[in-house]
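Written out below as structure tokens is the structure these notes cover.
In this document, chain identifiers A, B, C and D correspond to the written order of the chains, with residue numbering beginning at 1 in each.
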Amino acid sequence: MIHFVEYVLRGALAGAIYALLAAPMSLLFATARTIDFAVGAYALIAAAVAATIGGIAGAEAGLAAAMLSAAIMSLIFVGLKRLGCEDGIVFALASFGLSAVIESFVLWYWGARSFIVSYVAASWSLGGIRLDQQGLFNLLIAAIVVVILHVVVRHSSLGRMMRASAVNAVGATLAAIPVEGLQMGVYLAGGLLAGLAGLLVLYSAGIDFTAPLGLTLSGFGAAIVFGVGSPLRCLFGGIAMGVAQALASGYLSEALSAMTPFLFILLVLSMRPADTEALAGGRP
Amino acid sequence: MTLTATSLSAHYGRLQVCHNIDLSVSAGEYLIVLGANGAGKSSLLGALAGIVASSGGITLSGRRLDQASARVRAGSGLVLVPEGRGNLFAPLTVEENLAIALRHLPGAERREILSEVLALFPILGERGAQPAGMLSGGEQQMLALAVALGRRPKALLLDEPSQGLAPVVLDELIAAINRLRSLGMALLIAEQNVRFAAALGDRFVLLRGGEIIHEGAPAELADRRGTAFRLMGTH
Amino acid sequence: MNLRMLRALAICVGAVAMIAGSARAQDAPVKIGAVLSLSGPAAVFGIPERDAIQAIVAKMSSTTKGGRKFEISFYDDKSNPTEATRAVNQAINDKVVAIVGPSTGSGILAAGPIAQRLSTPLIGPAGTLAITDPKNEFYPWIFRAAPSDASDVRAILQDMAKGNAKKVGIFYQEDAYGKTGVDLAREVGPSLGLNVVETASAPYTATDLTAQATKLRNAGAQAVFLQISIAALGSSFVKAARQVGLSVPIYANAGLAQRSFAENVGNEVEGLRIVSIGNLPYDPTPGEAELAKMLEAAGKQPQGWGELTGSNALMAALGAIDRQKGKDITGASMRETLESLCDFDKFARGRVCYSAKDHDGWHEDALVITEVRNKQFRSVP
Amino acid sequence: MSFVARRGNTLVLAICVLIALPVVTRNAVWTDSAALLGIYALLALSVGLSYGQAGILTLSQAAFASLGAYAAAICTVRWGWPPLADLPVALLLPALIAFPVARLVARLSPLATALSTLAIGSIIAIAIRSADDFTGGYMGIAGVPSIGFVKAPASYAWLIWAMVVIVVFLYENLCHSAYGRALNVLRFDQARAAADGVNPPMLVSAAFAISSSIAGVSGWLYAHYISFVSPESLDAHLSISALLMAVVGGAEFILGPILGTLLLDGLTRLLPAAELQGVYYGIALIVILLVARRGIFGLIEGGLAQVRQLRRSRSGEVTALEIEASRP
């Protein structure tokens, strides 16, 4: 029993990172009805810069690098929009392109090395289960970020404008909402959050140039699994995926445990009623 | 004159759909732009509101707006209610839709306009927490008007407000729009429903192939064999 | 018509080239291809392999010790078997007589049939056992330029068996490298008195390995064996082990013998033992030191053993060229020479002899057990 | 005449193949590229059918292809089946898995669909690499024999492109059939399709199953041509590439995915390979998307439509529909 509880706790802590990667996806979806598949790459560039410079200045530079990358994505987004693209899927595919660019740039500039930072966190004992402060810190950050985002999206004037921009861009323009500016801002905020996730991954584990796709897909899963519209669901999605993964690696064979996150996603999606939300792109 | 357009043309890319249109509406006046499907009505309204590219002059209360962006025009009081209640955000609640429309105002004024609007359309008060998309067609049109009024428009452009509404709801809507006369703004309504136009307008212009081909008074529309009907060609 | 003229022109040019070629066979540089993983997950090895080859070629000014000019061209296999076949095809089309690479085992297995069909030997710097399996139809055309995974695993488990641990837990990454290692350890372990009690795995991008560490702890592992080539995973596991209270000796296979692992992980890796192919960055033999110097001259910092395996493959090819002094060199002649190549110039430690029965060449004497001390891999005597 | 008009894509492709292949097969590298490009083109076509026609944004096509490839490898290497006997297995196995999956995801939004196909693809990949004794695990299976009479790379190139032409022919027939028209209606108006007595989930699932069979064939060809399959051969990255190829060429056009394959793969050939390859590739992809949002074919069609419209607008007849169509 104690082992079961331990796996659940560890999984919940691990899920914090997924939630943090899912949050920008959810936010962007709420504002622009598309997904940014470059979040894993923002996380990588943030970690790479932070590990190279080191210290607080490194962390700041890392976040700046992530935001700069996201700014490029926002320019691509605006470019596509100005040229008349309204298909959320096309924006998402373009972000795959940017992700390839960032990943490849990191490989070229830093080589194939892993980014690792030695950092000893104190640990607390909870009923005989030792938990690193770093892990708890990750969860705390994810929770704070997600709750702030939830309040902003659901209950603030800014959030109303964001949601309005997503569902009816023409109507939002007529209501004098700066739609494009808002969406660009959300891309930037997404870069910041993904950069933050990258730093947390760097400090709690380590990261290398192969990470972006995996991180992106983990975040994507966490964002979609309980419904993409709300940041709060990202936290639950991330934690649920983390717990499912931890329990599976604890109790199941390697093959089954590798399958678990995907089986979990399929299970949840198959139980979900048909989507009522007007979703990105639609059928081509 | 509150709203004037001089030699206004609308374009989609290299394709010109409205040609050298001159019109003007004064404060308190209701002008109907009549025309069949594809006559260029929506394009004309879109060009005035700045969501369709245009050339030519547009002034509102003497201020030139033809170079201004759609946002600036909306902010200056030239407000469009697009076809199909396109200024509404379906998943957002009635309250949220109104809050977006009123967000630029200071608190006291906001409350004042809100009560004014709710007095004009009492049904909206009852539906406050419902998503706009769940309202009936007529209620949605009321909300669309209410949202537009929240900007205190000097000139209001309504694109086919009658679209998709049952006759009985139409009468309610006509009554509601007539109640707006007290606000003293210039109103431009694009319509193909002649009955609706006849009941509302002070004046009408007839659009075909993107050009004004006829002007007249609503009384003319009562005659089904009159010039207006002949020119419209469809009814 | 144009096409016909072009073809005629091509034939003329080709004929002239052939005549010139046979007249000056000795002067024309011998072409070697290097098909390496320069992108994708195997770039961890592919890039150091390329760096070493470039450094050596620069140092030798493209001339073998025997005075023969050679020319090397690089192709990227993108860590993918299909791309490996395309790259090998391209290289052979470019008239190379031997290919260094592909970098990965699956790349070599995929490209093997092409090498056989087009009679060009592959000298692969990979440990994968299956590449030199005599059952392969293309067996004669594949030579290994690194100790096999079996040698690596045996060496590190032998070291582990010297300690007191009997119950071993294994953590491995979810790919061919990881799985091969765990299978070999299960096979070799019992003969050394080591019992594999539990295994756990994770994909490359796992961000948290505490569950895996907990699993090994719960199984009562007295030592842990890591079969990993992604340094970030190694760092993550070591941190997780400390966190869950899994404080047992940790042993790692060669994949983790990378500079970025030793230098950046904190004190928790102190005493961790890793088997490595040579010890280029920290305790080099004279030969290895020479290679390290060449790398530094080329502006590269020695990273681990990728440089050594890359140099092994190149030096084997150059050795085979020098054995054919004064002869026309073809893919087939390279293969024949390689098959009897023994004691050629190289930088890595260990004695290397290929034969018709042994296409592995490198064995356990090329390996060294190292221990992490003060952020360095120090060779254990 | 109507036969020709309704098989336009097939004819165009067949003519291009007949002209290009004899030239291409003179060079060993081009021959090899042609064979692999044909295999990728089949994969992209399968995306075209499932995304462009049925609206299923799929990230599992490479996994279906690897089912086909492993079916070929296991039947011939493990069980010693004669060549060609494994083709039905490579066709049916992916469809048997794809059909129920599609029943599950057809009602979901495009993003949720993408996620669930990604999940299915990953589950297939993990299952394959975990069944050590059966599939050879991570090491894969080497020594897959040739398809009997087809041995030289040039013959493979011909066989593979013949297969592409056949698939395009069947695809085109499908589009002109009652079934294809129903699928088309469904794409624009679910409610109307249902009112017409169509069963949308059934229709979409069938399309997805057919598309997975096409992927299965591409895998089958892959295994016999390369003679080796491993979990890395047809991995998740290829699923993403296949989607990009289809979108870049124009997913809703029959020949779009093939054009996209030639373009994207050609780019990776021409761009300098090594660490920076991803930078060039990513930038090229973004530029292509910026220039042609509905794919190259969409760009061509849009250009033609505009020319026609301009001509008519000069003569003064512009219909409401065209104005509607030209709106941004």
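As a working rule, a residue touches a chain if its C-beta (ideal position, glycine included) is under 8 Å from a C-beta of that chain, and two chains touch if they have at least 3 such contacts.
All values derive from a computational prediction rather than experimental measurement.
Any chain bridging chain C and chain D, meaning touching each of them, is among A; the list is complete. Averaging Cα atoms per chain gives one point for each, and the point farthest from that of chain A is the centre of B.
Looking at which of A-C and A-B shares more C-beta pairs in contact, the answer is the pair A-C.
Averaging C-alpha coordinates per chain places the centre of chain B 48 Å away from that of chain D.
Centres computed as Cα averages put chain B at a distance of 73 Å from chain C. Chain A and chain C have CA centres that are 36 Å apart.
Here the spacing of chain A and chain B, counted between their Cα centres, is 43 Å. Shared interface positions of chain A, i.e. residues touching 2 or more other chains, are given as 104, 107, 213, 254, 258, 277. Counting only residues that touch two or more partner chains, chain B has none. Touching of two or more other chains is recorded for residues 39, 43, 47 of chain C. Note for the complex: chain B touches chain A at residues 49, 51, 70-71, 74-75, 79-80, 82, 86-92, 96, 99-101, 103-104, 147, 151. Here chain C touches chain A in the complex through residues 39-41, 43-48, 174, 199-212, 214-215, 218, 230-236, 239, 243-245, 258-261, 264-268, 303, going by the rule given at the top.
Listed in rising order, the residues of chain A touching chain B in the complex are 157, 160-161, 163-164, 167-168, 170-178, 277-278. Those residues of chain A whose C-beta lies close enough to touch chain C in the complex are 3, 6-7, 10-11, 13-14, 17, 51, 104, 107, 111-120, 123, 130-132, 135, 201, 204-211, 213-215, 218, 242, 245-247, 249-250, 254, 257-258.
The residues of chain C lying in touch with chain D in their complex are 3, 38-39, 43, 47, 74-76, 78-82, 85-86, 89-90, 92-93, 104-106, 109-110, 112-113, 118, 128, 130, 136-137, 175-176, 179-180.
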